[in-house]
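See the structures that follow.
Look at the two complexes coming up: subunit A is in both, with subunit B in one and subunit C in the other.
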Partner chain A sequence: MAKVELKKLFKTYNKKIKALEDINLTIEDGQFFVLLGPSGAGKTTTLRCIAGLEKIDSGDVLFDDENITHDQPASRDVSFVFQQYSLYPHYTVYENLAFPLRSPMRKLPEEEIKNKVEKIAEMLKITNKLKNKATELSGGEMQRVAIGRALVREPNIYLMDEPLSSLDAKLRETLRVELKNIQLNLNATILYVTHDQAEATTLADKIGVLKEGKIVQIGTPEEIYENPNSIYVSQRLGSPKINILPGSLFKLNNITKIGLRPENIELGNGPYEGKVISTENLGSETVVAINFQDNEILASIQGSYNSSINEKINFDINTNKVLKFDKGDQRIYER
Partner chain B sequence: MSVKKKFKGLSDKAVGWLFIGPTVLLLLAINIYPLVYAIKMSFTNFYANKIGREPQFVGLKNYIKVLNKEAIWEKMQVTASFMFWTLLLQAIIGLGLALLLNRKFKGNELLTTLIVLPMMLSPAVVGVFWTYLYNPQVGLFNYVVNFFYDLGSFDMIGSSTLAPWAIVIVDTWMWTPFTMLICLAGLRSVPNYLYEAAEVDRASKWQQFIYITLPSVLPFLLLALLFRGIENFKMFDMVVELTSGGPGSATELASINLKREAFEKWKTGYSSAFAVILFVTIFGFGNVYVKVMNKIKER
Partner chain C sequence: MDTSRSYLEPSSFSKKMAAAIIIVYAVITLIPISWMVMTSFKNVDSAISYPPEVLFEPSLEGYVNLFTNRSRQSQEYLDSLPPPENWYEELVRSREMVITGPSKFLGRYSNSMIIGFGSTFASVFLGALAAYAFSRFRVPLKDDLLFFILSTRMFPPIAVAVPIFIMYRKLGLGDTHLGMIILYTVVNLSLAVWLLKGFMDEIPKEYEEAAMIDGYSRLQAFFKVVLPQAMTGIAATAIFCMIFSWNEYAFAVLLTQFNAQTAPPFIPTIIGEGGLDWPAIGAGTTLFLLPVMIFTIILRKHLLRGITFGAVRK
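And now, the complex of A and B:
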């Protein structure tokens, strides 16, 4: 595995559409790095630039301090899990998994290929499917094979482009856990793209938030959650989503907007009074929507919470946890 | 109720029949009736030029005669070798051209159109103008061959060893674009991400061809060869214009022999039997081929 660095990366499509602007990031050896952002933010493009599937306009890509910007994809030795499964449709699962090992750049003996394929199949629980054709699998199985095809060798970096996005919720959760275990076992360097915040927070050692082709913040999941540097970043993580409210609402008159996480609101008593719009019981927590001076505020309460619609409700906020933003939606840090 | 019944128009089924009716009638008149008539004739000693003589039922005599005739097997051999070489060349060259044209380069569309042109010509016209190209004194073909390799004067059509190759060359020239077009359709259907995945998996170009391109394009190529095979089994017009089956009977395909028996010797009953045998042969081969092709597709 290698350390991967991107330096001042610029990329435009058709000389017009800006895809990436001044991307700088370092993925340490053995790190699970997640790129987070909505569609069109440049996540996939970043991966493709690292893999060498896209030519970059300017900037450098470094693997272990070695500049590989102008190398072909094959000589970069990376593995890629595509968003579409992209299995070789005419071959069996075994052949699909063995394919990267049959590369003329490796020349492994058949025995070793067999061992590696069987090991990875066991890890991903697809041993009983090895003889099936790729097209006979279900979506979840196909994606396991696609992940397996990436994991079967030890490249410089694993690039994963929303590998779990097309799976159902339950399978996604299982695979997410498996993936994290595999990464820890192999001590693998992974760059993982997602727009799913649960995936980002559970998997990542570090998160990079992308906005319109630029990296706006890099940090651990905790830093991104607790200490976002803009409204945009604060909205990336957290469910139910963060409340963005005018500062005047809580007598913070010199502050344009504040961000308030739903769990930092206490219901029952306090100086503020609103009306209940709705309650949503999610089992371990209850989300209460409150109308407060014509602003909707989401509060999340541990356990269940009984209240009826239009009922008057008093609440308080945890002032220490209030995030303050200026006119440009940037964070105002306390001195 | 009664009002509804009164205004009841045509049923869906009736409308359906109304639409396909004319076509069915036409097919019955020009395809099915002649076929049935030919099968009937094949069991008689009918001579179309002997007017007034009532044809008599002779049973399987015509069929036995055809199958026992040594010359027929020679014609079949000529046909088989013509088919083998044309299909082989058209498969290889067609796939090769398709692979080249599948790349992006300037003038790609124009080149495709130019390559496809021979296919648009009438086979008889092609036959006529290739007789000029093959002319030993002034023909362009002979000139070009001699330019690269001095063979002196040679006659593609006049020599009994070269004439079979002459018709293979013309058919390949004319119909390779067909296999190429169908292969090209197959190539265009291969999603690009498969190649990207292979590239990242460090596969060589050759591995990409064997693992991705060939299996995707094979069903298309086999289909093109089925069409070409059926066509070439019945090949007539182009070869007649080019060699008329000669010299001697070096290029006398089964279909040309059939035409001679039917319309030069007027052995109508006998040639009907021959035609039915040819029909059953190609029908049988075609069916087996389609079965094999589907097996390959499922793979």
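And now, the complex of A and C:
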């Protein structure tokens, strides 16, 4: 495993469309780094530039301080889990897993390949499928084999491009836990791309938030959640979504906008009065939508909460947790 | 009424109609071929008898005549010879002839094999590489190049026969296997590039990218991952190329005489005594049919998927 650094990376497609602009980031050895952002933000492009599948316009890619910007993909020794089309359909599961090990760059003895493949198959619980054709597997099994094909060797870095997005919710959760355990056991360096905030917060040691080809904030999941530097970043994490409201609503007249997390609103009593629009019981919590001076505010309450629509409701806000933003949607930090 | 079928499935009546139409069509197309095969098993007399004989006593005379050169001898001379050593010598002597040696047919037949398979392999191989490049790389003037490649098909190849004839004489390629392989490859290549490009476009590029990341060069990835998946297209293309170069007549007449002459120009020259030797010609064409038939049957499994390419995605 290696430390991976990107320095001043620029990339445009067809000489016009800017895909990446001045990307600087460092992924430490053994770190689980998640790139978060909506589609089109440049997450996949970043991975492809590291893998060498895209030529970059300028900037450097460094593995353990060694500049590999102009190396071929094969010689970079990275592994990649694609979102789709991940298995070679004309091979069996075993051959798929053995494929990277049989590369002319490695030339491992067949015995060793067999051991490694069987070990990884056991880890991902696909041992009984090894003889099957790749096309005979279910979606979940295919994706596990795809992850297995990446994990079967120890590259400089594992690059994962939304590997779980094509799976159903339950399997996604199981594999998410497995993936984190595997990463901890192997002490692997992983760069993981997702737009799923649950994946980002549970897996990441560090999160990098991308917006239109630029990195806007890097931090631990807690930092990104508690201390976002802009409205854009604050909206990346948290479910239900953060409330973005005009500051004047809460008598903060010199502040354009404020961000208020739903769990920082207390219902029952308080100086503010609104009307209930809807309630949504999610089991462990209830999301209450409130109409407050023609603004919709979402509040989340532990346990269940009984109220009927259009009922008047009083609430208070935790002023310490209010995030303040200026006209440019950037965070205003208190001294 | 069978009510269990889905609405999308054709009814059993239309299935039967379709089968009937196909059978009628098959019979019509098979009549000339079966007549040819029948002729090959007739003797010279029954082959040209009128009215034509549908039931006849089978004979291998046509095949014997195809493979041998014979000369007519007087009865006295034939009587002076030792008794015939095998069945075909006996057959020839019953016609008052002796075998003077093997005919040129086997040589022409193997020329056809070498040139047919050689040019098919070359067309498919070069076509696959070119198609891959057109499908994956940013080639300058790509569309114009593709159109240019196709435009070589817009006139009958024989239109350029004279320049090619002169070129081949200058280059010493006339009447050589290599010359014919190059010529047929050039004619087939445009078809191969266009057909295969369609198939290559269907293969997601993620496969090669995955292989390249897994430690293979682009060329290795092409052979290990792309080619196996393009098998359908390769089989279809190979059959089309094979059929063309196997059956080609005009260039073969013009450019080959002895060394590299293929079977098509040779078979019609089989002349019997006092007219064409129809059973021998029938035997020649029957044998000529077999390789393409076998080749097509071997690749049939791939071909069936190949014909519908683009229509279905896995």
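What we mean here is this: the second predicted complex is superposed on the first by the 334 of 335 C-alpha atoms of A that agree within 3 Å, B and C clash if a C-alpha of one lies under 4 Å from a C-alpha of the other, contacts with A are read in each partner's own complex, and residues count from 1 in each chain.
Everything that follows uses one rule, which is that a contact is a pair of C-beta atoms (placed from the backbone, for glycine too) under 8 Å apart; a residue touches a chain by one contact, two chains touch by 3 or more.
Just so we're clear, the structure is a prediction, and the values are computed from it rather than from any experiment.
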item: Overlay on subunit A: subunit C relative to subunit B, clash or fit; value: clash
item: Contacts of A:82 with subunit B and subunit C, given as first, second, both or neither; value: both
item: First (subunit B), second (subunit C), both or neither touched by A:104; value: both
item: Touched partner set for A:321, first subunit B, second subunit C, both or neither; value: neither
item: Touching both subunit B and subunit C, residues of subunit A; value: 51, 53, 72-74, 77-80, 82, 84, 86, 88-90, 99-100, 103-106, 149
item: Touch list for subunit B against partner subunit A, complex; value: 191, 193-194, 196-204, 207, 211-212, 215-216, 299
item: Subunit A partner contacts - residues on subunit C that touch it in the complex; value: 204, 206-207, 209-217, 220, 225, 228-229, 314
item: Parts of subunit A lying in touch with subunit B, wherever the complex brings them together; value: 51, 53, 72-74, 77-80, 82, 84, 86, 88-91, 99-100, 102-106, 149
item: For the subunit A and subunit C complex, residues of the former touching the latter; value: 51-53, 72-74, 76-80, 82, 84-86, 88-90, 99-100, 103-106, 135, 149
